[in-house]
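Letters A, B, C and D mark the chains as written, and numbering starts fresh at 1 in each.
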Amino acid sequence: MSDKVFTNITRRGFLGTSLGGAAMLAAGPSFAVGKTLNVLSHKVHQTVLGSGSGDGDLLKDWRTGNDAEIVWTTFDSNPLQDRLFREASLNTTDFNVGYIVDNRPTKQIAAMFEPLDSYLEKDAIEDFGDIAPGLVQGMTVDGKLIGIPVRHATQGLFYNEALLEEQGISAPPTTLEELVEQAQKLTFTSKAGTPVAGMVLASDLAVFPVMFARAFGGDFINAKFELLPNPEAMEKGLTVLRKMFESGALPRSYATTKNDDQVTWLQQGRAAFTVLPFARNAQLNNKEQSKFPGKIKAIEFPISSDLKGKVPMSSIVEAWGMVIPANSKDKELSWKFIKEVSSKRVTLGMARNGNGPVRVSTYADQSFVNNPVAAVEAEVLKNARGAFPPFPEAARAQSIFLEEVQLAVLGRKEIKEAVASIATRVKPLLQA
Amino acid sequence: MRLNKITEALPFLAPVQILILSVIVIPSLYVVWLSLNASSFGQSATFVGLDNYIRVLTDPAFLLALGNTVLIVIFAVHLELALGLGMALLFASGLPFRRVLLVAVLAPYAVSEVIAVAMWRFLFDPDVGPVTAMLTWLGLPMLDWSFEPSHALIMIGLLTIWLHLPFTFIILYAARLAIPKDLYEAARIDGATAFDAFRRVTIPLLGPAIVVALLFRYIFAFRIFSEVWLMTQGGPARSTEVVAVYLYQEAFSFNAFGTAAATAWIMVLASLLLATGYVFLLRKQVAGNVH
Amino acid sequence: MCTDKLAIGLGKTVAVAVILVWSLFPITFILMSSFKPGQDIFAVPPKFVFSPTIQHYVELWNGWGVFFGGLLNSTIITAGATVLAITTSTAAGYVYSRYSSRMLNASVMFLIIVRLIPPIVVTLPLFPIINAIGLNDTHIVLMVLYATFFVSLGTVLMRTFIDQIPRELDEAAQIDGAGRLTILRRVIVPLAAPGILAVAVFVVVFAWNEFLFAFIFTATRAKTAPLVISEMIGSIDGVDWGVLFAASTVQLIPVLLFVIFMNRYLVAGLTAGATKG
Amino acid sequence: MASLRLAGLRKDFGSVNIIKGVDLEIEDGEFVVFVGPSGCGKSTLLRMIAGLEDISGGDLYIGGRLCNDIPPRERGIAMVFQSYALYPHMTVHENMGFGLSLNKTPKAELDARVREAARILKMEHLLDRKPSQLSGGQRQRVAIGRAIVRKPAVFLFDEPLSNLDAALRVDMRMELAKLHRDLGATMIYVTHDQVEAMTLADKIVVLDGGLVQQVGSPMELYKKPANKFVAGFIGAPKMNFLAVKVQAAHGGTATVASEAISPIPVRGKGFDSGDSAWLGIRPQYLKPGRAAEGEGGICGKIVLIERLGTETIVAIETRANERVVASIPVDMELAFDDNAEFLFNPSAAHLFS
C-alpha cells in the first residue's frame, strides 16, 4: 500500500475541515505535494503497479516527473462499478481516473465518460496499435473510445500440486468430470491438519456458474444477447456445482465466499482448486503470502467429457479499461497517468506483477515468456469471451442470476426451476 | 407582545429547524417525487405514477426482505426486552458493585456496528471461531450463519440484541428504580408474594416504560442496515436481505432510483404506522392508569 | 431459609456472570487478540495466556496509513458534529422549555416524527444535492448529517433538562439585566450541563461509529475509521484478523473509555430521552 | 428612589382576565404590601411591575416614566423571589455581583458594593459559598443582598418569607422592616399572610379576583374594612359573619336581628328594611356575659376550645347553626357542650351587604 497521503488540503476539503477543527488538521500529517491524482479501482490494479512481487513502484518516475501524488480508493468489483458510475453521474467528482470492466459500458454509462479519441490524437499512447484490438473494441461504444485497456483477466483453473500429490493424484483434470472427482477426493484433512475443501468459488460473481455452463456448451447471455441459449447446459453446470456443494467439495461457506477468499484459501492450502485469472499466478505463489509457493499451478478450465475434442472450451475473459469521468478535473493529468500506465515498460512491469497484459508485444518479451502460465493463458485466450455483454440492466440481471444459482447450488430450489426462473426474470431486463 | 416573543425565540429555534428541514424533511419530500418517476443514470425522469410502488410491493425480493425485517423486529426486539427486563429486575434486587456492573453492561453501546460485526464474524467463524469451537466441544450444533439463512438471521438478531440491549436495559432499569419502595412494602403487608408483587405492582408500573422501549426498538430495528450489510450483504441468495439493504441495492447497485425511492417511502410509512400504533396504546395505557 | 438465601445468591451470581460474559467477552476477546501472535489468534481452544506482541499494531501502522487518516477524519467529524448538535439543540431546547404556544407544541410533535424517518431514506436525494453544492467527501457533510439526526432527540432532551431549572432563575437574571443570549450562556448552559453531556455522549458515540452515511458520502478525503475497518474486513489479501483486531482496538478504546467515564450522563440521557422524547 | 403609578393596569391570558384594571399610587419610600388569597393576581401584578409579565392594558409609571415596554433591567427595580432564585452554580459573591458584572461595572466597584451589601446583611463570611451550602435563612439574605447591590429605586418582594420556618420568618420580618428604614427605598411586597402585611406595611393593597378591594394603612383596614372580603381577610382569628335581616334603617343606622340575635342598631349605610345583610364582629370584641340594654348578645353551645396561653379561642354554635368565634381572656372556666353567652358593643360591629 502506498497510502502516504490520505488528506490533502483542497479548497473544498478545507471548507469542510476548517469548521470541524482546522487545528487538528494542521497537527495531522500534511504533505507538500503539488497535485493529487485520485484513482478509483480494484485493489489488484493498485497492487500490480508496485507493491506486488517484482520491480517496485512502476510509477515512481511519473510521480516525481509530474509532481503528483496518486491516491487510490479501492473497492471489490461490483461495488467499484457502482461507485464509479455514481461518482461519474454527479456534477463533479474528485476521481480523475476510474477502472471499468468491459461488460458494463452501455450507451448511458459511456456517456458519463470522456471520449478519449481526441486525447489519443493530440498526445498519443506509445505504439497504440500494439494494444490488442479486441480489447480496444470492448472499450469502444458508439464509435467512441471511452477507455484504454489496462488488464485482461482470463479465467483459468488453479490447483495446489502439493495437495493433489498428497491424495495420490498425479495429473490435473482434463475433463470437468475428472475435476469434480478430484475435487471430491481432495475434500479431506491434510497432513498439516488443515481441513481442505476440494474447490473454492466465490458466490457473488457470475463468472463461475457461467464457466460451468460453458463446459457443457451453454451460456448465460451470449454476445448476441440470447438469454440461456442452451438451458440444459446451464442445468448440467448447476447440477455439478450442487453435487460438489452437497459432497462438501465446495465449502459450507460457499454463499458468503468472496473473490478475495479464493486467493487466501488457496494460499493457505484450505482449498485444492479454484478458478481465478491466470494473472493471479504470481500472487498465489508469492513466498511471503503463500504457504505453497511454486506449488500452485494453472491450466485451462476443463470442458465436459461429452464435448471434449469436439468444441473448444470457451473460458471467460474480462477486460478492464481506464476511464476519465467526464465530470472530473485536471483531465490532462489523468491522461498523462493513463499514457504512462499503458506504456510498454509499465505494461510489462505490471505483467510481471501478475497483470494480464493488454499488449501483444508483452507476450514476446523474454522476461514474461518465462512466466509459467503465459503460454497456457495465450492458448485459453484464443477462445475466451466475456461473461455477458453490457446492457443497462446488466447489474440487476447478474444479481438475479446469482440469486437463482445460489438457491440451486445450496439445494433450496430445484435446478430446473431455478433455470426457468432465470429465464423468466431476466428476460424483461433484456428487452428494456 | 406575544408576537414579539415568538420573534425573539425564532433565532434560537432556527438552526435546529433549518437542519431538520434541509437535511431530512425536504429530501424526504423529494423522495416522494422520485418515487413517482422512473430514473437512472443518464436518463431523464419519466412520470410513472404508483408504478414503482406496485413493482416494489410485488417484488418477491422485497417481500422476502420485508419478511426478514419483520422477523428481526419481532424476535430480536422481544427477546431483547425480556433480557433487558430480567436484567433490570436483577439489578434492582440489589447487587454488589452495581455501578461497575452497570458500566460493564453499557460497554456494547460504545461498539460500532462495523467492529461488532468483525467480532461476531470471528467468534462464530465456522472454521476458526472460538465460539464455534466451544459449541462443537460441548457437542452443540454450531451457528452455520454463512450457509443457513435462518442461522444467518439468528446471528444478525443476536448481534442486534448485543448492540442494543444496553438501551433497553437502561430504560427499564430506570423505570424500575422509579417505583417507590413503599409500594412493595405495602404489598408485602397486604400479603403479596414476590411473584404477586412482580405481577401486580412491577409489571403494571413498568408498562409505559416497556411500551416506550418497544416502540423505540421497533422503529430502530426496522431500519437495520449495517449489521446485515457487513455480515452477509443480504446473502446467501438475497435470503437475509432486509428492507434497508433492498433499498440500498435498488439505489446504488441497480441505479433504479424510482423503486428505491418507493421503498424508502414504504419504510417511512411503516415506521410511522408502528409509531402511531404504539403511541395510541401508550395513551390508552396512561389514561388507564389514571382511572 | 438459609438454603433459600444461598440458592438465590448462587442464582444471582450465575446470572451476573452470564451477563458479564455476554457483554464483555466479545470486547475483551478482540482487545486480547490484537496482542496475540498471529498463530495464537486461531488457537483452539482460545489461549488466554500468551506472550503479548505489538506486531499487529506495527503492521497496521506500516500497512494501513489510511486507517490513521480515517481516525483523524473521525475525530474531526465527531468533534464538529457534537459541537453543532449541542449548540443548536441547547438553543432550541431552551425555547421549547420556556415558551409555549400552539405552534411550538406542534413543532415538538414534528421533531418527534422526524426521528422516525430512517436515515437511509435521505441518502438517495442528498447524494446529488451534496455534490451539486460541492460538499461531497468533506467533513462538513458528515458533521451536518450526524448532528441533524440527533438534534431532534437533543432538543427534546435539552428541553427536559432545562425544564428542571426553575424559571425564577431566568427571571432573576432578566432583572439583573441579562438578555436572552446571556441568560442562555451564563445561567442555562452551566446548569443544564448534565443534559448537554448526555446529548454529547449520544452524538459522539453515533458519529464515531456511524457506517451508512460514511459509506455513501465519503470517498477519500473524509473517509472515517469504521469505513476503513470495513474495507479491511473485505480486503483482497483475505482478512488479516490480527491487523483488523488492532485497528478495531484503536477505534474502540477511545469511545469505550468515553462511555465508561460518561456512563452517568448516558443513563440520564437514555432515561430522559425515552420518557419524554 | 421612586414613586409608582398604576393606571388601569390590566392583564389578560387569552380570554382570561387576571388583572382587571388596577389603579394605584405608591409614594416614594413607601412600604406597600399586596395581600390577597392565592390566585387573586397579586403576584401577577408584581411581575407586571417587574417587567416579567407583559402589560395587556393600562399604564405603568415608575418614577414618572412610562415603563410598559421597558425591559426589566432598565426599570430600576430589584426583585426577591419566593424560591430565592439564586444561581446554584455561582458563589454568593458571584450571585450578588451578577447584575453588576453584566453591565460591566468595574471589578473594584462591584466588589465594594457586594461587600457593603454583605455587611448590611451580616453575611460577609458567606461570600465564597455556593447556595447549596447555605441554610434557608442564609439563602434569603443572599437573595435580598442581590437586590441591595443593584441599588434599585424599587424593591419587589414576591412572598419572600413563605419558605422559611415560623421563627425565622418573624426574625426576617423585623430585619426587612429595619432594612426599609435604613435604605428608605420604595418596597412592594407580596404576601398571602395578613400578619406580614399588618406588621410591615405602610400601605396595604388588598386584592381579590384581579381587583383592588381596598387600599389603606393597616389600622384603617382593620378598623374600617371597605367590604366583607377585606374584613374577613384582615385580622386573626377571622371576623365572624352572621346572617341578619334589616328590620329598620334610618340615617346611617340599621336595626338588625336574626334567630340568634335580638334586634340591635348598628352603623350601616344604604340598607333598607327587609334586606339581608351580614353582621361582622371580630372575635376580640366578643366578651363573655349577658348582654345589657344597648349591647348585642349571642348565645350557643361551646364546640371548640383552644387555649393559646395569653388568650383562649372559643367557638360556639348558635341556634341558627352558625359558628361564632370569640377570643377571650385566658382564665375562664369553660367546658364543651356548655351553653355560653357573649356580648358585644354595637359600635364595634360592621354591617355588610
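Please note the rule applied: a contact is a pair of C-beta atoms (placed from the backbone, for glycine too) under 8 Å apart; a residue touches a chain by one contact, two chains touch by 3 or more.
Keep in mind it's a predicted model, so treat the numbers as computed, not measured.
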item	value
Most centrally placed chain, judged by C-alpha centres	C
Far-end chain from subunit A, centres as C-alpha averages	D
Most contacted chain pair (by C-beta pair count)	B-C
For subunit B paired with subunit C, centre-to-centre distance based on mean C-alpha positions, whole Å	16
Rounded Å distance, subunit A centre to subunit C centre (Cα mean)	38
Rounded Å distance between subunit A and subunit D, as computed from the means of their C-alpha atoms	92
Where subunit B touches two or more other chains, by residue	2, 252
Junction residues of subunit A - those touching two or more other chains	86, 89
Shared-contact residues (touching 2 or more other chains) in subunit C	none
List of subunit B residues in touch with subunit A within their complex	40-43, 61, 126-127, 144, 146-147, 232-233, 235-239, 249, 252-256
Residues on subunit D engaged by subunit C in the complex (per definition of touch)	47, 50-52, 71-73, 77-79, 81-89, 98-99, 102-103, 146, 150
Touch list for subunit C against partner subunit D, complex	166, 168-169, 171-178, 182, 186-187, 190-191
Residues of subunit C touching subunit A in the complex	63-66, 68-70, 72-73, 75-77, 79-80, 127-128, 131-132, 134-141, 143, 219-223, 231, 234-239
Complex contacts: residues of subunit A adjacent to subunit B	78, 82, 85-86, 88-89, 107-109, 111-112, 195, 203-204, 252-256, 270, 392-393, 395-396, 399, 402-407, 410, 412
